[in-house]
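One chain, chain A, links the two complexes that follow: it is found with chain B in the first and with chain C in the second.
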Partner chain A sequence: MPLTSESVISFGNGNGFQAGPTACQSGGRAYYLRLERMPRAMEDLLLYVTNGVFMGTSYALVALGVTLIVGIMGIINFAHGEFYVLAGYFSALFARGVGLDPVSSMLVAVVLVFLVGLVVERILIRPTYGEEMYSLIITFILYIILQNAYLVIFGPFPSKPPSWVSGATNLFGMFYYGNQRLASFAAAALVIAVFMIVMHKTWLGRVIRSVAMDREMAAMLGVNTARVNMLSFGLGCVLAACAGVILAPVFPITPTVGVGISLTAFVVMILGGLGSLTGCIVGGLLLGIVENLGVAYLSSGYKHLFGFVILILVLFFRPTGLFGQKQL
Partner chain B sequence: MKLWRVCALLVAFAMVCLGMSSPGIAEDTIKIGVVGPRTGGAAATGTAFEEGIALALDKINADKGLLGKKVEVVFEDTAGDPAKAASGIEKLITKDKVVMVLGESHSSAALAEIDVANRQKVPFIIAEAWHDDITKKNYPYVFRAGPCNSGVVNDSIIGFVKEYGFKKVAIFAENTDWGLGIKDLAEKALKDAGIPFETVLTERKGQDHYAELNKVKKFKPDLILAFVYGVGVHYLLAQAGEMGIVPTEALLLEGAGPPSLWDTFWQNVGEYGNLELFVSRMHEKVMLTPVAKEFDAAYRKKFNKAPSDYKSRSIYDVLLVAADAVKRAGSTDSDKLVKALQGTKLVVCSGTVEFGTKKGSYAYHQWQPPMLIVQWQDKKQVVVYPVSGKTGDLKRK
Partner chain C sequence: MQDAIVATDRKRTAMREFTPWLIALGGFSFLPFILGPYWLNSAITGLFYVMMASSWNLLAGFTGQVSFAHAAFAGIGCYTTGILSAKLGLHPLVGLPIGVALSALLSLGLGALCIRMGGIYLSLTTLGFSEIVRIIIQNEYEITRGTMGLKVPFIIGPYSKTTAFYIMLVVAAAMVWTVYRIINSDMGLRFRAVLNDETAAQALGVPVMRVRVTAFVISGAMAGLAGSLYGHYLLLITPHIPSLDMMFHVLAMAVIGGLGTLAGPIVGAFLLEVLSEFVRQFSDKYHVLVFACVALVFARFAPQGVVGLVASWWRQATGKEGAQ
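After this line comes the complex of A and B, so read on.
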């Protein structure tokens, strides 16, 4: 069901499962599911977990791109967050400046970032194959150049594409949750699902995974590994771009926001296990939920610390991360 | 591996860095250093500083400069990072040979810079870093012609809370030197006033505040004091609106100001921006002095728009204070400049600058400008405090 401020989710009215409308704080109509009045502590917990799942899904989406590139090419892309930012700026630019509708502006932004990714791979990354240190330096320099370029081109002020939906929904009759967040969550989950299907159920996915498993054998069987590298880097950038266009309506873009995005993606990737796509999804969700519970029940001033604590704990007991290596 | 590609990128990177630094300075000029964030999360302040510097230099150099020389400004980027700030001011003093340093808007960066300025014995006038300790250390070479946390809390915020009879206050503060410093002062003032309060801390770079805001919601305040800066203000306000906290259950007073005036404010916060309150040194219709009118006219003429971020005016004021001190000292000698600064009595945009000279507290070498509390009402700025300067009544849902 599409989420708008006019017509929202319908489940119940506080007495068992009877459905019924109530006033939504956005001015539209809201419906809710309330099994029975829950203790306040349980309501709070449900909010924290819900928000953790939303944040975790967004973390997973960003981290999948990094993981794909690491798994296939063995390259840590420090500029990954900058592709996220670029897509966010593009979608805002095409929607507000050119006047495209939100969906078209997002599609154009993702395609453009994909093309930028291909160019970057061809010109900057390909000459560094086999020299991990050079690729690290290249992507690090690229991150600094792009960040400063965004500052010059787009200015220092936060920018946001139009929201797809407005207002908020009273979830389960317990708390209000932004409609744009719900829509972004659905979109992110859809992109992740499509990506996983492509990787596990299609010829393209099998080719990419074969290169990740054994590059030489794949080449002997006729796979053009250089082209797969290029495509994988482009796909990694597409995942960053999808995250950018999906999350920019929730979290406005600034030239420097990519730093935090990249850092979180690296944490999720290591948490899940280098090269593991499933690990990425689980790691993202785990990080999102742990951060929210940490803020709620321990201290709100050290939100990002919880991520690192959980990372250290996981690495202590499972040095290869939750899902080991190379499950591509 | 084609090493030349890496070299070419390094050269390109170096050129970008060089492009962001200031051009060479001629010898027949008086050089004044400015420190502030031109990159990083508060780069908008750097833009505002650049505007204010341009206007001040136009004015000063149109009056034949200082001591018969043209004045030039060397603007060093600190990115809000204490380490970068310390090395930046050191470079301004030792390499660029500036006679004075001005600016800064991050308390963490300023607290690192004052040690360098004092060690090098070069006068440093802070424009917009609010932490009390900056002047509380009573360094002889450190001045502040701008707001301090104590001044903002005790002269403005608590008066506003009492005046409008708020019953329960939530403090939402970022975990920076500024955020924690002003949070402590607000807690003390609320406690002294007998007003119940609860504090929730957040990370400066955090984007998502739902979990923190749920704590605020449970407390059921009728006012939230938000001590966060930059885009964080936009995140917070939009999310507090989505959760049904503002403006229906509580009003939100943003304790920094400029982010509520940025061009993209309404785009980012939507309807939740209505009835938001913010602390400001500037209002489009309130001109405290003739200098403010002059600044307003010059700004509109040069930039073809109305001034919004008040930090352009803050740095403008501080540059006028510095120029006045050089003129009266008749020299660029540091000790003579300090003496001249101590005797300052100059009308600027925000009032008449006079530095405190009594040692022992933050008031030493401090001048607190009058601050306004402004409310957005249907996208119009309405001054609601101080009562003497009101342009309209406070509105609640």
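After this line comes the complex of A and C, so read on.
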């Protein structure tokens, strides 16, 4: 539908325009523009689904890292969201403080978080192999340490790296959607695609999957399983970091957003099936769409509750998740 | 004759085992006469943490299940009795058992739902549950007054820190005694069988799931009781009680004191409470960070905790094997 002269466009809750009942705003600004036109129901639905797909892709990206670590090492990384936050802070720091361009600041941030992940695995996680309880306790304590360290170092204020692009694009001729969101969506989808190709088509992916399938057999065939563990923990952190640098321009980083990120990742992981990468992607998209529709049509205060309700339903009716407990 | 000797022997070992506990309890009951109101408050908070850490230890230390919903159950307990007494005017002593019962019921539901899927699911689901409880309490402003906190009456009679201290002391002692009885009973044997080797325990006919759920429910109910009492002492209950921050304090105390020992959580609770007072004098910003670093060092390098370290040092010093 072309933009006609009588359709008026405005941000947010301007005169005669609605920001819609969604709570998804970034930095106080509505993320989309809507044309003044009736009827609304179809547009609304499409808008919520679009937003759901965007959110779902981000959820999938975050959850892939946790799933990789669970699949290979059998360890839940409760500090996953904190690595996301760390990468967000790094990218903001390098872009605003040091003055690098967005792409190189993002790359530096991801590489730094990868190194942090390797160090954490070597020093803290490796001694707990075979003792599930202590690995849970240690990553939980790590989450508390990192969250409080961010609070002390960066303060409680939101921090945001510069946007890559500005403006908005008309989608389906119905509403305008922020370009930064579209760019983040594309980047997240790209990272997921590259990761899946690496896991399924390359030598490295085969080695990692062999360890997930049968650790002892892989070790007998000459795979250095300790090294693979370290690498996959690092890779899990890289996925969290990618999500962090991609989403930070949309959702500003604060020291406490990490918990929400981790919890969402866990819900997606259980929904998709513990250790299933495909399940993770499907679960992420599903959660994103359901959450957005739920927020739109039911209640916005209980955004996280929808995820938890899904979690309980999954545990009740299909405890192994949508894609079962299969190998990577 | 033989039997009589064995019996007296057993009685004597039991006496020797209990003496330090009774001395500690006796010492504690004199605290209100020594401490000023500020430190008495710390002692009461410490007793609350003793209850929380001991009951969490029953779950984590003796059956190997890491639950992150312990603070949430305390919150459910304290908000249940708090709302009943503040909004409906029920006496706290009537609300208290209802709060405990609700905590136990919810932990039964949560436990039955996720324990059959294994340890990782339990930790994940309890973490989610904990956040959900906090979110609901914060959002249901009309009922819980959100982050503003809900004013609740004192447990019994006029407000007095001394009364609160003795009530908390009696309940904490009873709780530790209950934990002791449980871990030295058949049920405790089953707990440890499940902890050491789940498959072997199952093969020998231990109903693993039922044992785990039982431990989860007992510990949840204890958390509910601790939370309700503490809430009625504070007179103002806030979403801080069911927060992950509180959960971390409990976890850190049990880990630093020594998981899987009776004395560990008690030592850890008071150690950290005193430490927190000192760090707070220095700066209010860092005390969680300091705790977390200490807890991380213990979890990584000395998983046996303070109690374990002291015990092994004592064994070396006296050259005796098998001493407690």
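Just so it is clear, the second predicted complex is superposed on the first by the 289 of 328 C-alpha atoms of A that agree within 3 Å, B and C clash if a C-alpha of one lies under 4 Å from a C-alpha of the other, contacts with A are read in each partner's own complex, and residues count from 1 in each chain.
Rule of thumb we're sticking to: a contact is a pair of C-beta atoms (placed from the backbone, for glycine too) under 8 Å apart; a residue touches a chain by one contact, two chains touch by 3 or more.
Remember, predicted model here, so these are calculated numbers, not experimental data.
Student: Superposed on chain A, are chain B and chain C clashing or fitting side by side?
Tutor: They clash.
Student: In the superposed arrangement, which partner chain does A:51 touch: chain B (first), chain C (second), both, or neither?
Tutor: Touch partner of A:51: chain B, not chain C.
Student: Would you check which partner chain A:254 touches, where first means chain B only, second means chain C only, and both and neither mean what they say?
Tutor: Touch partner of A:254: chain B, not chain C.
Student: Output check: A:157 vs chain B and chain C. Expected answer is one of first, second, both, neither. What do you get?
Tutor: It touches chain B, and chain C stays clear.
Student: Return first, second, both or neither, reflecting whether A:302 touches chain B, chain C, both chains, or no partner chain.
Tutor: In the superposed model, A:302 contacts both chain B and chain C.
Student: In the overlay, answer first, second, both or neither for which of chain B and chain C A:168 touches.
Tutor: First partner only.
Student: So, A:145: does it touch chain B (first), chain C (second), both, or neither?
Tutor: Both partners, chain B and chain C.
Student: Is A:270 touching the first partner chain B, the second partner chain C, both, or neither of them?
Tutor: Touch status of A:270: second partner only.
Student: So which one touches more of the residues on chain A, chain B or chain C?
Tutor: Answer, by number of touched residues of chain A: B.
Student: Thinking of the overlay built on chain A, is A:136 touched by chain B (first), by chain C (second), by both, or by neither?
Tutor: Only chain C is touched by A:136; chain B is not.
Student: Between chain B and chain C, whom does A:177 touch in the aligned arrangement: first, second, both, or neither?
Tutor: first
Student: Mind checking 6-14, 240-248 or 258-266? I need the stretch of chain B that runs into chain C in the superposition.
Tutor: 6-14
Student: On chain A, which stretch or stretches are contacted by chain B in one complex as well as by chain C in the other?
Tutor: 124, 127, 134, 137-138, 141-142, 144-145, 148, 151, 301-302, 304
Student: Under the touch definition given earlier, write down the residues of chain A that touch chain B in their complex.
Tutor: 25, 40, 44, 47-48, 51, 55, 96, 124, 127-128, 130-131, 134, 137-138, 141-142, 144-145, 147-148, 151, 155-160, 163, 166-168, 175-178, 181, 251-252, 254-257, 260, 291-292, 295-296, 299-304
Student: So in the complex, which bits of chain A are touching chain C?
Tutor: Going by the criterion above, the answer is residues 70, 74, 76, 78, 123-124, 127, 132-134, 136-138, 140-142, 144-145, 148-149, 151-152, 259, 262-263, 266-267, 269-270, 274, 301-302, 304-305, 307-308, 311-312, 315-316, 319.
Student: Can you name the residues of chain B that touch chain A in the complex?
Tutor: That would be residues 1-2, 5-6, 9-10, 12-13, 16, 20, 39-44, 46-47, 175, 200-203, 205-208, 210-212, 214-215, 218, 230-231, 234-235, 238-239, 242-244, 248, 262-264, 267-268, 270-271 of chain B.
Student: Which of the residues in chain C come into contact with chain A in the complex?
Tutor: Contacts found on chain C: 60, 64, 66, 68, 113-114, 116-117, 119-121, 123-125, 127-129, 131-132, 135-136, 139, 244-245, 248, 251-252, 255, 285-286, 288-289, 292-293, 295-296, 299-300, 303.
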